[in-house]
């Protein structure tokens, strides 16, 4: 039994997963890019030339400097500055961090709710199923945006406007998590329904195992691979949702910008020549989402070609 | 005869098709009507399984064999009727009270590809039930037990760290049998344990089941649609048709002198190696659906001997001279 | 000349880690009106063989070598257009699962008529008449009604009858039936086999019947092939093989049948299981399970030897024959 | 069938009930509607008087009950900003949104089916790979970025001088990468065809159609990749099925197999998923309408929020919930009609 | 001139109602000048120009006599008389939004059909300023009852009154079609009295385009002929566009921050307030964030107003600011909260961010929150943050208005200091303003008001930032300059398109 960890690693190296990863150039490139971005985001405080949250470092007179290579650039600001005079490179690093945090956080929440409700609905069936799926239906008839408005209002009402900046990130995680759990719940429910019919579940019942044990120890692990695929795509979606919310002014405050709010704050300048304020974060956002989506595609192909909904 | 180990009395099972009250309401011919539909999977089955025997249940697809098996195992609750184990009624027990019977009664399933949890190693698969039922056992005891069952079903203990999908169907079925044996059951329900396997593997599994029966004194309720297997394996045979037992007899008696017209047709339909051409009793029509059960004898629509009584009256199991129990008016009346 | 002659057919699947050889050097022939059985365990390559005849192997699979001569023309080398003229028209197929074979969203009538119109220049009405005629032939109750029904409205037995009717639509020379009754109950199976046999005899259609039920083979076919792990290991007249199988695998297969042993006795069993294509042993693929296996068996695939009317690929049999020959020679 | 409809109707009511309760409960968080209704220099007294007049000072429960009572009679209140019944306001804006959704749906349908089918039939062709690549990129670009880029390229136009323009080829390349612009980038244009009531459409006039191009393209840009992938995945799955293989064994032509046997089965799941997506698209219009100033309900909603026009917000949410339920119901009905194996019941097939 | 041209224009919003007494807002005033005429109107150099009133003369300290133009027709065909003016005056006194402005007026005396007197209860120096808000209504048209029995003259905030959907003014344009939030169409009034007007626009289509970029794009892509406002970021682009014609003017709307002395003890210390005043780089904000589209301010009154004090200039000096903080004992700074709207003023949220950054330099750490206006104002009313932004435009175009609303000691009963979110209170200054308000000698009055500005400046009562400039853009052939003014109601009746 002591060899289990070693053999698990060996097993992984022999697995189809690893095999197809090694052979898929797109997957390798996407993964490397994603890894790079995640690392850059995680270590943003170390990598960034300046702390964009420290207002004392900002000088308005440095505003709208172009990236290095264009005339008028200042080498202290490699990617230029935004309208406040903030170093864009640092801001983007921190913004990527915020976006990734929201993306991952929201998906973790989604997955938690989705898996829990999907399992309960699928496994218990009957009334529980009917009620949960009705809730999911109702929930689906709100878009993320509407949930954002509603939840945002509730948060503001309960925390007041001033606290709001500090909790904005949690709120966004909450909003996107709550708005999109039905997606995962439905997938989980569908795979639970399929798994439930399989005989290993009956075998477990015949052994006298309790419902909870069967649900979480036997069925759940077998529904994970579609969840994994969906979750990957959902991270991309969550990042886009956050960007959209921020674009509409319902997201991160501009003092702690995510990529979306960076794009929004630069949006006013795009046509007046300072295109970099929007375009560089925009590009980072698109690349980030793109590599996640590409990885999701690849995962989908490897794990289960039947999953497509994203 | 000793008292039966398992007895099934007046078992009925319906599956409701019509859903909630709202969904039952239909609009027909200008007025609303409440329409309830159900699958009558079992309609009054009485069976006794004696200690040490292998009672085989045969019948066509959909006749309710699996439903009987699953009801006995408590995977389904009966719509009517009772199930007794060793004289104790078990179909209405709470989960906690039923635990001792979970150990005494085990089940082997048809599909070896689905009956092992794909995310668990063989070791985990075998360990879990032992730990669950014997929480007080030491790890050594557990390990010894696993070794023991692995040996008895002929699987290599080195396989423990591998997953089910790494094995062939026959090997998986062995693992599934090992899992059932791990809790030292007395009674095993086997629902078509070999029908998904190839001929050469079937023989291995059948041999294994027979060995286990011999060495552990097991009692089987063995479900199959392969009559050749029944002839080889069964002590007694129950033939089912549309949720009813239509004939019940010792294996030898049944194969040498089938009484029920359906049994006769079934036996004649088995393709035999000796034959050069198919020569079977031709039945009219096809098996009716268990949703709208025919009145009277469920077989009357396809029976060459059916008469008015068969269309009206449900035949009961009667014991004939040969010891065979048959539910057939024609036999009863001596027409057959 | 045989109607269909398969010579040295190799079929491979291009999967990760290189090609898998699903069929290796398969050769057999089928005469007009002849009924040929193809038996073997699951995964032996029966379906692949059947599909490769019409060049219908699913994607990663391809014909890697050999010829499939139909009336002397090589189907393996034919263009898709020409093949289309033969498929369904001269050679018809019946698939295993009637539930999955018919398109669920098209009526029976549509699916029958389109098959006719794909090969004959006649009006829809005439095509419908032909379809009706075939439905009558397969003894389906109320055939007119069936034409406008969807597959899910029919029972399994009826669906398989419809599929047989579709096979007969264009009076083909060959019907390839891939386990046509495994999804059906014994009594229905008997009826369907009966029907298929009678129709083939009446219309003088050659039948290639794929099954793993030796009983059915013995009842229906005149000659049979036994496949193991992508190879034909024994072929010859059905009766002869059933009564006196030569190859140890065929022997084992027959002896393992429950009806061969005494009730209650242990059954004869072949140890182990058929290897997966990923790791086929060298030499005779059966050698790990064979009690006669020698060093020779591990080296190379044995050649076919003839014993009576039966061709067998086994060193053991070859040696026996050799011995016998020598003994006969010694005697004479 | 009856059960199905009853269930859907009750669902619609449930959705609307939930929305209205939530919207009411949070209205304080949405801001003070009075700020938009009066000038800055109006005194607090006057404001209080107006609040009283509008019933804003009543307890929440009273306000809700009053609202619910009226709502049951089909009156969802008056918009503060438009001074009109909210339903009327929504009815005025709805045609624009529907037009946009229909335009986008048409683009989606006419592109996704051929592309999806092609990519499924020839998964290895470079064109398929190109389409799939583009579609992955497509779903990765937020719709507002797409819209901005579209406006820049096709409405304003860009002049490129990356290449030396004194050489012939340089000029040619410059011209090649430059765009003319000129497509309208906002609103619906002046020439709308009056249909009935307040319903007008730009489908029938040149300028109307021109105005529709960019917004519907950018709206379609989110869903199109999704549909292409959906169709491709379903189609590939169907192409693996036994009945397609059987159709090939019958000697049918590739066209008939792909476009009758396979496509018809492909469309079944596409209809269900697609229907839901179209419902979702109504919500997505908020972003598109904002960027293009498309005078539909999305824009109206967003403005209602900035103005705290609470009755309008509530009504909008309820109507969108209703639209969602109605599209789902329609989709299920269509699904039932197209798929012969499904009986309409309350249950999902 | 023959009015044959068509003007397509895009504003950020369309008028919310056709009843110009329903709301006092820029949009409504713009509408008023298109469909009505005032008694007199502002000229571009902040003088007065007679419109429906041909002339006026002061009768006594409290009374002004006006002579109406004769032969002026309403759109309905009715002729304008003094009765209409009285009707209008009474209605204004009813209007919730306008009654405050007209509070100094005690009544109106009709002398004859074309002569009337406006009477104030006390001497009122801003009588003429206020008279620019009198756009005579067609009393016959707006009297009586509608078919469903509603009073035609009613002013309804919420709900559809007759006046909110029907309009009969004397103005150059009639409203021919209106779809709220979508478009308004105007047509030149055939019987318009001002035949001298050079205006040649026969038809105007107003489309609201809220999104700045889209609005600019609409102009640049040729979709519209005239847009307003022009966002500062796009000024350059339009200036560079060969077909574009950009007009900017320094505006009169002051943007400022209040420092709430009730919430923050330190703000009670004038040194701290001054430190903040020194820390803020108004020039930088105006140059960088506003793209030069703002006039840096050190006081409330813009140039041209009576209170404008030339000597007051921005005093940006970080070192001095730090020193002051040290003197006040706040060398290590403190933390405050700040709120600003994010869709009310030009670049409001960006300005707030910049200010927050500037305060960081003197160790004042700022928690900034920006909100959409609908949510901001309730917070403002609650004085929810330590520093809050507000922009103010004096409806009377007069300095006193600023002080009354923004720096008077807050008093809920009188309504004084209604928007004084700093709780700054200096009764002496208030008294001075009140004195100025009854001073009809304009020079004396100006001196008083300038003193007020000086004292507020010295006291650093608030943080002035800038006056928001105004900008309009049109196609080259649309001659907008002559019709524009700092109040931002273009006199479109006089617009010429070449």
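A, B, C, D and E are the chain letters, set down in written order, and residue numbers restart from 1 in every chain.
One rule holds in what follows: contacts are C-beta pairs under 8 Å (C-beta built on N, C-alpha and C of every residue); 3 or more make two chains touch, one makes a residue touch a chain.
Note that the coordinates shown come from a computational prediction; the quantities given were computed from them, not determined experimentally.
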Far-end chain from subunit C, centres as C-alpha averages: E
Count the C-beta contact pairs for D-E and for A-B, then tell me which is higher. D-E
Suppose each chain is reduced to the average of its Cα coordinates; what separation in Å results between subunit C and subunit D? 54
CA centre of subunit B versus CA centre of subunit D: separation in Å? 54
Could you work out how far the Cα centre of subunit B sits from that of subunit C, in whole Å? 32
Centroid from C-alpha atoms only, then distance subunit A to subunit D, rounded to Å. What do you get? 23
Please output the residue numbers of subunit D that touch at least 2 other chains, ranges allowed. 29-30, 148, 156, 290, 305
Could you say which residues in subunit A touch two or more other chains, in rising order? 156, 267, 270-271
Note: in the complex, subunit A contacts subunit B through residues 1, 3-4, 7, 198-200, 202-210, 218, 221-222
Applying the document's contact rule, which stretches of subunit A touch subunit D when the two form their complex? 134, 137-138, 140-146, 149-150, 152-157, 236, 240, 243-244, 247-248, 260, 263, 267, 270-271, 278, 282, 285-286, 289-290, 293-294, 297, 305-306, 308-310
Please give the residue numbers of subunit B that touch subunit A in the complex, ascending. 70, 73-75, 95, 98-99, 102-103, 105-107, 109-111, 114-120, 123, 128-129, 132-133, 161, 176, 179, 183
Within their complex, state which residues of subunit C touch subunit D. 51, 54, 56, 58, 80, 84-89, 92-93, 95, 97, 100-106, 114-115, 118-119, 150, 152, 166
For subunit E, which residues are in contact with subunit A within the complex? 212-213, 216-217, 231, 233-237, 281, 284-285, 288-289, 291, 337, 339, 342-343, 347, 349-350, 353-354, 356-361, 363, 365-372, 375, 379, 384-385
